[in-house]
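Here come two complexes built around subunit A, the first alongside subunit B, the second alongside subunit C.
Right, the complex of A and B next:
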């Protein structure tokens, strides 16, 4: 039902023409906008097609063939999903999956908890200079390449020339950090020392976004530090915590560099992560079909938490607190 | 001016001729692209390439361009070129580990033996045969072995000399060998050792058993999950008569010889003759053990000799001696790196000309003087004064050297073996279990 104004406009014959023109212009503007948006995203879409979709499609194709370096240039036999079946029934793959899960489940909560503790500590500093210096110092390990960190620890843990071994001996602590009994935990400790700055940075940013008036009001109402932390800080950091845990969890699951440089996946296959397993399949065994199948299985394992991470990141960006 | 005008026609003709001739002259010089892995070998080869391009290229019409892809991405990039059938490079960098899987992409050199100055059948090659063998598959030679590695038995010369002359030390040695190894042994010259002598000496120089030992541990075994470590152990296997395959080419790793060879390492680990974190040892850690005076003997790559005896970095420089590996026949694995001709190259004749220069003693002497270790006996023995280890390298690879089976699966086999055996050495698996699993893994690799 048309409004009185519209009826008047229709009656005097002005609106339909003007309205149609305006509507057409609006539609044209909208289409132009859509077209502009589309054209602006075309380079990105092409870029993604080139560097993500095509390699993924190619890798999937390889995973369905019995490909090695010898037959890559020829016509490798099509084997359907045999590579996937072989990987899934390979005890070494399942061991590597178990190691990666264990690694992720242990280091992620510790890194997030340490990151939170450090963030709360640094946020409590009154001096801006003190905060800036603390943030810079805490971030230092994160700025170093994981391979370099691993090489540094390889030297520090060396039984003859390493500083850590020296002090363990000096204090008569009967631990050999790289022995089969402790090597897994040594790797975890190194990862925690290097990667804790990441959740720290996210959570420190989150803490800074919390309105200080909430803390002042709580203090006036007589709330203690623990109550304030439990009732204000933690709930308002919830999304930051989830994002930090998801991102770190995903990274921990695909850990490669420190293991490659420090233990090579050994002793035996004791520290072989999924990434190490795939690396060995590709570059030692030269079995590219097998390796691509393992990579796709890894992708499947990671896709759900990855989507969750992106969802929370977007939600976090839209609603900071 | 008049002269210029009069001769202008000649000048124009000359310039035109030059313009036409110069590119033709330039194109007479063919450039071959040679991939090399960045590192000491490429540094040494760079000197040879520079000399060749300056002095010899004008005669042969072939210029060499050495291409370095980077240490980390070398294999991936080279294999991508191979798989694409590209002629982007003319020469590939190959090694005894990977030549078996590159046979579709590297041309055999056998048809070019004469052009390479090796005689019709390759018998006049200057390269030591065991090194050439490491780059050969089914009788076809796929590359020139330009640099070679082998293993030495390293020992503290001062300590072993005292052991060989001090009656008290000798008595203690014999008593310890009887008590812990159950064998009647007397100290012997390291040149005559078998692995019982090695274990007994490691026992004697371990403080836990001999508080008077100047070193804390007898030895420092390399037990990390790394293919180079299983290559060291392969020498023990070969010394006990073992092999990955039997005479019929069937997998034979589950054998009494392999069990004995695993037992040698296991006994030393069990007795703690090697440091407790040896499970993560590779080349540098063993060197560190010798340099810091914590270990007395070691099985190590020959390249360590220079480092261990360099006064600038080794406190025990001058005290470390090297000889051939222990065991019957003193077997030492020979690992070669070298160059192979890209089967898709459009400059094959030019590549053969460059390779024919590399197959001369002059080229290999220059390479050795620049730091390389070419498997050429005359060159290695001739440089004994500057580099005392080189004559021993020549003797070892000529007299005792063996090539690991070169197959398309060599790397995969080495990886499977080290995964199984490093688990044994870490106490995670039993010897029998690991040998059984290794047998199954190798059968799957070879059969698959």
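Right, the complex of A and C next:
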């Protein structure tokens, strides 16, 4: 903001000194304002330094040492990248990586497609009240902690008193959901039933942002419902589909709660996701060196999808219309 | 024909909603059954409701459910206030081009994508010597961290909608930056602050990974408590269901009261609104 004092003083030619003083004062005010703005961000920056940067730095240091939960704060030997090598060649880590990838690749497309179908269905209702109630009832399980939902499924899948087990038996459906053959798919099904509301909400919001006149024009031109969906709805939802898939995909990749509550990663290591692997390395095996090496390997795996996610999330957030 | 189509659509929707909400429906039903009805096979759908399990929660021995509940309330409230106190001034400063603002936004967006378990164990390690393990204060710190990314980005977008002229008018009246934030900006972004507070409350309430890693028994919230019930209470599924129903009520209440705000916050970054 140019100081009025400066402009007047220079224009008059009479008050150069006053002008300079005013300019200095104005500069000082600006500096002080910039400084105040900076100071307002300091608490947040300090908090993040103390609770993210410092622990992660400490963890990286640990990943280079032979640390167990017993000698955590002692003087463990420095072992360079041995922990990383041991984790990578162990097999269990690669199995967990494989489980996480499989879980993500199966669950994400189903959830996004299911969410899209539901969004189109709810959006086709004319009554606003009916739509609002539908949205509320659909998003309900998504608002509940995954671990509480998982505990309820554990009850419903219980072999003796579980509701689901009973009806599977009663209708002679030869599936035992928690057996080694089907437990992975049971976990996926639970994830789909609980998390589909997220892509639904994103895509429902996307549908509502589409100009209705496009549909009216297409209908006048004689386009059928499938053509309209393929030529108008899908292209205009592209951005929303990408965001829903990225967010759900990243979350599915690090799935933890439902596995912890239902199987604990077992039987054996059959349902051990990467998050479960890291948790077990830290608190079951007590090997903090391995645990932190695995954490940084996981971060490394996430770098490329994360950059894509930051790009798409910021692109949308930066364009408020 | 069109009526038939509508009926079919409603039928599909009802089936989907029942499938989605079934764990909650089942928890409510089981929590109201007598012990005999809980273990009856085939499952009873019509029964005489009893409140024994809810009474057990607050009086019977074993796990200290009232304490878990108090912890969840205090920690969720504490962290959802703390996150606003940290993020609102920062969001305002970043919108008004504070030096280094872009870096803060980028780091916080990246933070949103770091898996919880990757942060939880390092925080567990540094909390140890600070005696913050198994304390409510330690858990508040962790939940505040969990809520920072969404809250900061949400508040930046809300503050960004306020024209700079408001600041200039306040400055002419002699208001300092802090006074402007308090008297001008805060009232204008109140809807945004409410959205962020409600979402943070729900996210803290539902948070599991940090609570599992950072607590043992004295600062255990209901989410971790629920998993303890399985092993501790064995087949007392009625009690477990009652605990789940009570644990779910606060989130559902907040969701129903502020549905419009919450949908806006949840879809933030994905939906332009």
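Keep in mind that, in the parts below, the second predicted complex is superposed on the first by the 273 of 321 C-alpha atoms of A that agree within 3 Å, B and C clash if a C-alpha of one lies under 4 Å from a C-alpha of the other, contacts with A are read in each partner's own complex, and residues count from 1 in each chain.
The criterion applied here is as follows: a residue touches a chain if its C-beta (ideal position, glycine included) is under 8 Å from a C-beta of that chain, and two chains touch if they have at least 3 such contacts.
Because the structure is a prediction, the values reported are computed rather than measured.
Peer 1: Sticking to the clash and touch definitions up top, decide whether subunit B and subunit C on subunit A clash or fit.
Peer 2: When both complexes are placed onto subunit A, subunit B and subunit C end up clashing with one another.
Peer 1: Considering only touches as defined above, state whether A:176 meets subunit B (first), subunit C (second), both or neither.
Peer 2: A:176 contacts subunit B only, not subunit C.
Peer 1: Thinking of the overlay built on chain A, is A:280 touched by subunit B (first), by subunit C (second), by both, or by neither?
Peer 2: So A:280 only meets subunit B here.
Peer 1: After the superposition on A, what does A:161 contact: first (subunit B), second (subunit C), both or neither?
Peer 2: Both partners, subunit B and subunit C.
Peer 1: Now for A:233: first (subunit B), second (subunit C), both, or neither, which partner does it touch?
Peer 2: It touches nothing on subunit B or subunit C.
Peer 1: Touching A:270 in the superposition: subunit B (first), subunit C (second), both, neither?
Peer 2: In the superposition, A:270 touches subunit B alone.
Peer 1: Does the superposition put A:73 against subunit B (first), subunit C (second), both, or neither?
Peer 2: After superposing on A, A:73 lies in contact with both subunit B and subunit C.
Peer 1: Going by the contact rule set out at the top, does A:83 touch subunit B (first), subunit C (second), both, or neither?
Peer 2: Neither subunit B nor subunit C is touched by A:83.
Peer 1: Comparing subunit C with subunit B, which touches more residues belonging to subunit A?
Peer 2: Subunit A has more residues touched by C than by the other partner.
Peer 1: So which bit of subunit B gets in the way of subunit C here: 2-10, 20-28, 74-82 or 416-424?
Peer 2: 74-82
Peer 1: Once the two structures are fitted together, what part of subunit A is touched by subunit B and by subunit C alike?
Peer 2: In subunit A, residues 72-73, 154, 158, 160-161, 283 are touched by subunit B and also by subunit C.
Peer 1: Help me check something: in the complex, which residues belonging to subunit B touch subunit A?
Peer 2: Checking each residue of subunit B against subunit A gives 75-76, 79, 82-85, 101-105, 223-227, 275-277, 279-280, 285, 288-289, 292, 294, 408-409, 411-412, 414-415, 418-420, 422-429, 445.
Peer 1: Can you name the residues of subunit C that touch subunit A in the complex?
Peer 2: That would be residues 9, 12-13, 16-17, 19-24, 26-27, 30, 38-39, 41-43, 85-87, 89-90, 92-94, 96-101, 104-119, 121-126, 128-129, 141-142, 144-145, 148, 152-153, 156-157, 160-161, 176-178, 181, 202, 205-209, 212-213, 222-224, 226-227, 229-230, 235, 237, 240-241, 244, 247-248, 251-252, 255-256, 259, 262-263, 266-273 of subunit C.
Peer 1: Which residues of subunit A touch subunit B once you look at their complex with the stated criterion?
Peer 2: 68-74, 92, 154, 157-161, 176-180, 183, 262-270, 280, 283-287
Peer 1: Which of the residues in subunit A end up touching subunit C in this complex?
Peer 2: Spelled out, the residues of subunit A in touch with subunit C are 33-34, 36-38, 40-41, 43-45, 47-48, 51-52, 54-56, 58-59, 62, 72-73, 118, 121-122, 124-125, 132, 134-141, 143-149, 151-156, 158, 160-161, 163, 166, 170, 193-194, 196-198, 201-202, 205-206, 209, 240, 243-244, 247, 250, 254, 256-257, 260-261, 274-275, 278-279, 282-283, 288, 291-292, 295, 298-299, 302, 306, 309-310, 313-314, 316-317, 319-321.
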